C-alpha cells in the first residue's frame, strides 16, 4: 500500500506505524532488557556463591545494591522481557499476519504504545543510576518499605521504578486493546472463532486477563506514588492506612499476570509442535476452553501469595481450593499437547527442541506449584528458594524457552533467512542442561530453609554449611555457563540476519496464514488478501498428496 | 561435591588474580568500595543525615570508627530493645565483619574531609554549658578535639541533635551499659554530672561553639 | 510530522467481523479497563470508610452544594454530548460541533467549581495530609478531574473536525467516553459528599 | 458519512431522559437529609446505580448495543465485587481469627 | 522428608512434613507419568522415512478419553491434597491449642525484640524479660505469640518449627508453637525489609525448664 514512496530511516524504523516494525522494536527492546536482567542475575548469583568478594565486571555487592539487583531483575524479566517479547513483540508481528489482514486496527495507537513502553524502559534503567541507587523493595514493592524513603533509603529509585512500571502497564493496556479489537474485527473473511490459530487466541485471552486485572493495581500504584512523593498514608497504619491492602491489589494483578505470560507461551508451543510433528492439534476446542477456564480461575487465586502475610486464616482455605483447582485446566492442556505428539512424525529442528523442552521443564514448574498452593506447606516454603526455583521453572520456560522456540520458528518469516541449525542445537543444549543445574539445587536449598532476597547467608549458622554453600556455587557456575552459551545465540542471530541461507515463503510447510505472505512480509503483508477455508491445524489429512493444507488454499 | 568444590577453587583463584589483590593491597580502595553501604544513611561525604538519625562521621579518627564498629559488632552498642537507631546500625556493622574490611572502612571514613555540622534548634545556654563542660574536658579536651590515649572521641564538628541523643542514651542505659563495654561504662558514670535534659542541652550548646 | 500526513488507514481498521465499528469496540474495552481502575480505587475507599467510623465526620466537611451543582453540570453536559451525537448521525457537523462545544463549556464549569471547592477546603485546613479520608477525596476527585480534562481536550479536537464535517463517527465515541466520566461522578458524589 | 457503518437508529427523547435523571438527582440529595442510614443507602447509592444505568443505557446506547458489551462491562464490575469480597475480611474488618488491628507500636526513642 | 535437611523442633513441623511427603508422592507420580509419556512419544514417533503421521483430531469421544480420564484422576488427587492441606492448616495456623505461656515478638528495622513473660509466666508484669535477637523457650510448652512490627513488614520465620508469619505494622497476629527438641536454631526475616534484611538473624534456644529458670535468674541478676 504505502510502498513506492521514499521514507526516511526515522519514519521507516523509528516512528513507523507498521505492526511488523513495532513488533520488532518490542522484540529487540525485550532482548536487550533480557541481557540487562541476565547481567543482574549474574552479579547477585556471584555474590551468593562468593559472598563479599568483588564480582568481576561489577565490584563489591553491598546489601543495598543486592536488594536493588534482585528487585530490578524480577521486574525487568517479567515486565520488560517476558511481556514485550511474548505478547507485544510476537503479538504485534504475528496477529495481523495470522488472521490475514494488513495491520493492527489502530496503527498509531500501536506506535504510541511502544513509545510509552520505550519511555518506561529508559526510566527503569535510569532508576538504577540515580542518587541512593535503584529501588530495593522487591518486585512486589510491599509498603510501608516501598512507600517511604525513610525505610527503603532510595528517595529517587523507588518513585522512578514505580512510575516506570505504571507506564509499562499503560503501554500494555493500549497494546492489549489494539490486539483484542484487531482479532475481534479484522479477521480475514471465512475465519470463524474456531479457525483462529491458538497463539492468537492465547494472546487475546492474555490481553483481556491483563486488562481486567491491572486496573486495581494502577489505582494502587497511584496511591503508592502519593505515599512516596507527598508522604500520605494510604499504606501506613500510622495514618490509618493498611499495608495489606497493597498486597491484595498487587496480587489481584500479580497472579493473573503469571497466566498473561504463560498463555502466549503455550500458544507458541502449540504452533510449533503441530508443525514439526505434522499432526493436527489434539482437541483444539478443549485447549481453548481450558485456556478460558485458566484465565477466569486466575482471578480467584491471588491470596495464595499471602497465606502467611497476616490475612485471616479462614480465607486461606478458599484460596487453597481455587489454587489447586487451577492445576486441572493446565494439566489438561499439557495432556493435550503430549497427546498431539502421539502418532506424529516428529522432526527435531531447533524450534521443536525448544517446544518439547518447554513441556518437559514446565512440568517441573507445574508440579512444584502444588507444594506452594497447599496452604500448610506454604507456611514453610513461602518466600524460600523453593518458591524461587518453582517460578523460575515456570517463567524460564515461558519467557526464555518459548521465546527461543518462537524466535527460531519465525526467524525465516521475520527476516527472510534461516538461522544456522548446528549453532541452534549447540545453543539449545548449552542452555537447557545448565538451566537445570541452576535451579534444581535451589529446590534443595529452599527445602533446607533458605530465604529469598538475602545477600549473604554468613550470619545463619544452619544455612552457611559447606554442603549448602556448594549447592549455591553449583547454581552460580551453571548460570555462568548458561549465560556464556547465549553468545552462541547472539552470534547465530546476528550472522543469520545478514548471511543466513535465504528462506522461501513457507519453509516449514505450515498451515497458518503468516506463511502465505512473502518472507519477510512487505508493508501491507499480503500480495493478495487471503480468504480462510479451514482451521489452522489440518496436517496429514488422509487422502491428500501433501501432508499440510494451508488455511487459505481452496480445495 | 568434589567437582563442584574444584570448580569453586578455580573460580576463586581467578578472582584472586584479577580482582582481589589490588583491592586488598590498598585498604583505602577497599574501604571506598565498602563505604557505598554506609553512604545511604551517613551520606556520600560522611556528612550525616538527620532524617535517618545518622551522625556525621567524615573525618572521625580511624581508631574511634573502628572501635565503635567493633562495639556494634559485638553487641556492646545497639543492644537495648528501645535503642531503635542503635539496632539499625548494628546489622550494618555485621556487613563488614570480615577481618580487614572493618579497618578498611574506618580508614576510608577517617580520610574524608569533615563538613560543617547540621544544626538543629538547640535552645541550650552555652555559658551555663561551659561550666558543665569542665568535667568533659578532662577526657575530651578543652577544645573538644578528643584524646586517643583516653579513648575519648572528638566532639567538635558533630551535629548537636546527635550529641543530645547520645547523652540521653548514656543516661538511660541504652548506650554504655552493654556487657563488656568498659569505655561506655566510664562515660555512663560521667553523664551523671548532667542531671536533666536542660543540662544536656546547655553542654551541647557549648560544644557547638567550639572551633573545629 | 511527515509520517503522520503519509498515514493511510489500513484495511484492518475498516473490517468489522463483529458488526460493531472498530472505534466503538475499542472504546468499550477502554471503558472496561477504566472501570477496574476506578473500581480498585473506590473499592479501597469503601473498605477504609467502613473500617474508620470517624470518616463520616470528615465527610461532613465536604461541600455538598458544590458537589451537587457539579453533578447537575455533568448531567447537563452529557445531554449536550448525546444531542451532538444525534446531530452527527443526521450528518449535521456544525450543529454537532456546537453541542460538543457546549459540552466542553460544561467541563470547564465543572473544573472551575472544583477549583473553588478545593481551594476553599484547603484554606480551611482540610488538606491532603489532614486525614486519610481527605487523601482519598483528593486522589479520587483528582483522578476524575484528570479524566474530565482529557475529555475536554478531545471534545474540542473532535468539535473542530465536526464543524468541517470530518470524522463525524468520532462524535459518538467521545460522547460515550464523556458519559462514562459522568457515570463515575454519579458514584463519587454519594461516596464523598452525601453519605455522612 | 462515518465510513464505519454506524447504523442510523431511532433516538430516544434525550431531554426526557435528562429530566428523569434530574429528578433522581434531587432524590439522591434530599434523601440523606433525613438522616436514616437505610434511607441514605437507598437514595444515595441505589439511585446512583439507577442513574448510572440510565446514562449507560440511553446516552451510551447500551440498550441497542450488542449484548456482549453489557456482559463485558458487567464482568469487570463483577471482578471488582470479587476484589472487594476477597480484601474486605482483611482491610475492612477490625480483626479476625488470630489477628486484630492496633495502632502501630511507635519507636520508643523520640528525636523531636 | 524435610527432616533430612532441617531438624523438626516443633509439633507443627511433624504435620507439615507429613503433608509435604503426601504432596511429593502424589505429584511425583504425575510427574513421572507425564514425562514418561512425553519421552516415549518423542522417541516412538520420531520421523522415519515412509512413515506418515496419523490424523487425529482429538474431538471424537474415544479420543477425548485420553485426556478426560487422566483429567478425572487429577481431580481425585486434587481433592485428596486439598483435604490434607486444609486439615493441616487448621491444626497449625487456625486453631490455637490452650496456651501455657505467651510471648510477644516485635520486629523492627533490623532486629527482633522478644518479650518473655518472666518467671511468673505472665506478660506485662514487672519481671518480663526483653531481649534483642535472642529467644529462649522451654521445651514441651505450648506458646502463644503476639507478633507485630514497628515500621515495615517483616516475617518471623523459624525453619526448624516450619513456622512463618509476617509481622505487619498496625496489626497483631497471634500464633502458636510447641518446641519438642532441645538446641539452638536460626530465626530469619523472610520478608524483604530494607538494607539490613539479611542482617537480622536471631537465635532461638530451646531449654529444659531448669535451664530456662536459670537464664531468667541470670537476667535479673544483671538488672536486664
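By letter and in written order, the chains are A, B, C, D and E; residue numbering begins at 1 in each of them.
The definition used in the following text is that a contact is a pair of C-beta atoms (placed from the backbone, for glycine too) under 8 Å apart; a residue touches a chain by one contact, two chains touch by 3 or more.
Computed from a predicted model, the values in this text were never measured in an experiment.
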Chain by chain, through touching neighbours only, how many steps does the shortest route from subunit B to subunit C take? 2
Just grab the chain with the largest centre-to-centre distance to subunit A, centres being mean Cα coordinates. B
In terms of Cα-based centroids, which chain occupies the most central position? A
By mean C-alpha position, what chain is farthest away from subunit D? B
Averaged over CA atoms, how far is the centre of subunit A from the centre of subunit D? Could you give it in whole Å? 35
Distance between the CA centroids of subunit B and subunit D (whole Å) is 57
Computed distance of Cα centres, subunit E from subunit B, in Å: 39
Approximate Å spacing (C-alpha centroids) for the pair subunit A, subunit B: 47
Mark out which residues of subunit E touch at least two other chains, giving numbers and ranges. 93-94, 106, 108-109, 150-151, 169-171, 173, 195-196, 199
Mind pulling the subunit D residues that touch 2 or more other chains? 75-76, 79-80, 83, 87, 91, 93, 97-99, 101, 103-104, 106-107
Could you list the positions in subunit A whose residues touch two or more of the other chains? 63-64, 153, 212-213, 215-216, 237-238, 241-242, 244-245, 249, 252, 310, 313-314, 459
Residue ranges of subunit D in contact with subunit E within the complex: 97-107
What residues on subunit D touch subunit C, complex-wise? 1-6, 8-9, 11, 14-15, 18, 21-22, 25, 28-29, 32, 40, 44-45, 48, 51-52, 55-56, 58-61, 65-66, 69, 72-73, 75-77, 79-80, 83-84, 87-88, 91-94, 101
Note: in the complex, subunit D contacts subunit A through residues 75-76, 79-80, 82-83, 86-87, 89-91, 93, 96-99, 101, 103-104, 106
Which bits of subunit B are touching subunit A when the two form their complex? 1, 4-5, 7-8, 11-12, 14-15, 18-20, 23, 33-34, 36-37, 40-41, 51-52, 94-95, 97-98, 101
Per the contact definition, I'd like the list of subunit E residues that touch subunit A in the complex. 2, 5-6, 15-16, 19-20, 23-24, 26-28, 30-31, 34-35, 37-39, 41-42, 45-48, 51-59, 63-64, 66-67, 70-71, 74-75, 78, 81-82, 84-86, 88-89, 92-94, 109, 151-153, 155, 157, 159-160, 162-166, 168-171, 173, 185-186, 188-199, 201
